[in-house]
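Naming follows writing order (A, B, C, D and E), and every chain is counted from residue 1.
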């Protein structure tokens, strides 16, 4: 069978790898449509032909479930990991906290905390370090984590809080230097998936969601820089 | 018969129009600049709306705003030669003709595009961009375009004023033939009395948007009171008479004016054909005795009916030649020295070369393309 | 003195131009449609580039493409009345005048905007949108605009052809005064021999972009060989002579032509002032004996020098009046019946009312605004 | 270039071509009316035409989505009529693009029509051309430059259009995934090489299309008939 | 409406106004050249002008960011000159908007200038107006409609511009956070009420601005001097 899966932008690369392996294994076909979680949510409420949603947060899948648009309860398929990153291989030392405390010349890129879970996590991290007030005035904000990465990659912002998954997916010459933010410095970035009404009874969709928590799938997710769902371990 | 009633209401110009033009042959609209000639043509064409207009052509109502009747311009089958030519800038000169040809009335057969091209000598212009044409070339193409559309009424707004005399003379006979051979009535706006007297059968004198006077050309030209409007210098009369005989040796034609003979340069017409000639007042002299040894061919017996002495050097003498009026413009001094008085019998001297002549509609035309004045 | 050399190279029209115009007073450019008159004006104005042009005005080089000299049009301080008027559509009529006034040469004081408005009777038009003006009104504003800019050379491209006779007559004297009083030389393109003979001091006959003939007006008008170019009907000569006496009673003026007297409607000029008159060939008759009892005032003794018999009814007779040429256009029949021959002494009859007259530059002008023909 | 990119390119051309052509046609009467009416209504209509521009594309897309969705006025009617959904379909994309690019077609045409004026239309009428005939054969060719501008702007804008298309179309491969989204995705997923290649290809291709349009227009300003 | 929204609105007006005015001025010579040159170069320049449109805004924004960043050609020079960074600054935003909206200014002006032709310029020259004078006092007023179109399109487009602005500006409150970003945020965070209110406000306000421009233009087609 065939399934249309809506995927939050930050998970695009991982989802492509997952879909390829899944199709290979099951013979089902998976069509991915990517976008920001907010956009995908709005589209689903307007009848978008998606069978499942892999969101970047937990709020919107739950909301879909609450208003009766879901075919099953949402579940967390991955937990994102935040990193401070610069394309300059020499910029970020092993101890990012000291580096931040010393101050960054220019603007620090983060995702918009109101829109993107990674942004919120970045804000929490800075707050935890007591640096939020200081950096608040010298941030550059992307609307999503992808834009944040580009702002940094372009060199316009010397460093930024991005997803670890992005650094791993980046071309080698862009890897630069990074500091993985300890998970304890911010609330976990849980990403939820949910089967939609339209996907109920769709073998391919249900199988793909199941694959996310299957060992194969978990391996791919981990390799992409996320912590897979707890049921995997 | 064209009837046109309207109330022109421009911010700076308003007029009550009530025109009835005979519309057989060529009707001249003559009047000072800015007195509404162009506006009258536009009303007739249906290009000027919102003025409570009534237009009918030979009983066919084209517009009656009171009754909500309006035949749109493109259904009136008129031709319009605009004062500003309005050639289509995206087409060549030939393209402009083709445009008209493709939309020509199918129920008329003439003139053909080839015919018009020949007549107006448009051949060398056909593939030219209209922007590159000279002023006169532009106007020739515009005339050609209007003709090629084979209208049943032709409206011409000073069509010849950009042309040199020679071109004018070449085109004039063709416009006459439009009327004579193709039964195409023409409303013709002009500032030139030459053109008017040469072409028009009927004249409307336009003043302030209204018709100050109208009538057959001879009548209007004869009216002394209209002198100032026609321009004194150009005033004159029109005489009509049948051809009596031809003199091939000297290429002269004799015309009967009343019981007398007017001898003039030849006009190709059979005896009996009625011909009209224009005699300008300034070309007429007066002799008290029969002259001799003079190159002036015509000395018509006439009786002075009135003498208008003007300010300045001149006087206008109105004479009666066997029932037809004739005007002479001479000096006051001559009036005094010759002791001219109303009632006196005199000779009216008219140079043959001063006679503007044309055939009357219905008669046969002269050789086309030959300026005949 | 204006010198103009250029190689006109349009796709369909090319010509080698080599013009030297005296540029004192009014220089008429006369020639058939499409023969390059407008192009000459444009070259003089600097509006036509890329043609290897050389232009100098009184020794001041305006353009020498060989040397890379080019004074741009706006620095030449010329006035240009375009054949298509080109009023600025975003300004009112008055706005157009103001536009010119604001850029007028500061070193000339006349004419003022008020002066021009009065003269051309533009007052009622000033606040009008130029789109709403009639053809003649448009052209009047265009003339006014060019004048208001106070140019030192005025280029006029058929400026009066959209105007009625009366307006023409009103404006002509003013153009004469521009020349006479303000020392403003004018290059004047026209199709009208009337305008030409009335206005021009010097004529360039333009044929195929080149000067076919040029010279003072009297000389050019007299040349028989140019007849076909000038239009036979309009051919004539220009005579010049001083005022001899005035007759206030009859409002007549006597002019000395050679040893004889030409009597004509009065012209306000002191005795001695040189006056020029134009005599059309068609207005001249010939008598073999001295006439009597005739309203024709002028019978000048003349000797026939040549007779050109044409095809058709006419012959042109060239006469010598005390050293000055005079042309008569009479019928072949008269030549034959009066047995006219070269060498014969005759009387040339000239109606006073047929005399077009004007003052010679340098003399005093007649009452402005009064048409004097 | 992947298969997906190729189908995105084809889809983009279809969408941009269809949008430009339809929009130029649809805008013509509106622009003509705006250029020549004396009605005061145009004081309202004229600014309204420009309004689609002032909303951020995704936001406009959001509202269009509501309109085109099965619950929306238009979308509902469409479903009732065709059984298909407008949202997330090519037709829906097309409608959205039409709305979004409307001003780019109307305004240049209006400018051009105003410059044409009425005098040539009058001349055409006296030669027997009906208003429509005269419009097609006289006013339109004289306004050709305006048509060219309208076409170029709407075409280019639709190619690059993004927010609206993403929202209304839903980025469904082979159905609503246009090239701009594809490039966007390549950038988002850090496939910069791919993104550069595709951007360059798009630029070169668009350049060629636009240049062809320009030259075609320059070549044909005056015709024989 | 929050304080943030208010400052976003003010910033948007500043940006859109500045972009429209600067762009109309800058485009004028380019459009004039394109309208009147005989050079074949225009066959290349003309399509190039339209190219900024074909890239998705965020992608264009990304490339602009590289250009404007401290390592970029322009950004580096700017830093050397002013000590400030172009990226994430109002100046940078402005430059980006200028690039992105260029075609909307050039093309309508070009159409209008072509309709003006040269004959009125010639007339002005014979009245003593230098080319610049004639251009300002004759060609420009006659092409007023083209200026209006250019202004309306660039203004509206800059107001709604989003991808480029977001990328280059970095969404910094009071400095680069424009209204389109604010509305987008409301939609994404499901604050639909806020989004509707702000959208409506933006529409009404833009409508009034555009209508004022239109009426002003209609009122002043013919002037006394």
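The rule we apply is simple: contacts are C-beta pairs under 8 Å (C-beta built on N, C-alpha and C of every residue); 3 or more make two chains touch, one makes a residue touch a chain.
What you see is a predicted model; the values in this text were computed from it and never measured.
Common neighbours of chain A and chain B under the contact definition above: D.
Hopping across touching chains, the smallest step count from chain C to chain E is 1. Distance from the centre of chain C peaks at A, each centre being the average of the chain's Cα atoms. Computed centre separation for the pair chain D/chain E is 20 angstrom, with centres defined by C-alpha atoms. If you average the Cα atoms of chain B and of chain E, the two centres end up 60 Å apart. Separating the CA-averaged centres of chain A and chain E is a span of 35 Å.
Residues of chain C in contact with two or more other chains: 84.
Among the residues of chain D, those touching two or more other chains are numbered 58, 62, 187. Multi-chain contact residues of chain A (touching two or more other chains): 39, 42, 150. Pairwise chain contacts present here: A-D, A-E, B-C, B-D, C-E, D-E [touch as defined]. If you check the complex, the residues on chain E that touch chain D are 42-44, 46-48, 50-51, 53-60, 62-63, 103-104, 107-108, 110-112, 114-116, 145-146, 149, 152-153, 156-157, 159-163, 180-181, 183-184, 187, 195, 199, 202-203, 206-207, 210-211, 213-215, 218. Chain contact summary for the complex, chain A toward chain E: residues 36, 38-39, 41-42, 63, 106-107, 109, 112, 114-115, 139-143, 147, 150-151, 154-157. Listing the residues of chain B that touch chain D in their complex gives 45-47, 72-74, 77-80, 82, 84, 86, 88-92, 94-95, 98-100, 102-105, 127, 129, 145-146, 149, 151, 155. Note for the complex: chain B touches chain C at residues 10-12, 31-34, 37-38, 83-84, 124, 128, 132-137, 140, 157-158, 161-167, 169, 191-193, 231, 233-234, 247, 250-252, 263, 265-266, 282-283, 285-289, 291-297, 312-314, 328-336, 338, 349, 351-354, 371, 373. Of all residues in chain D, those touching chain A in their complex are 58, 62, 65-66, 68-72, 85, 87-88, 166-167, 170-173, 177, 185, 187-190, 192-193.
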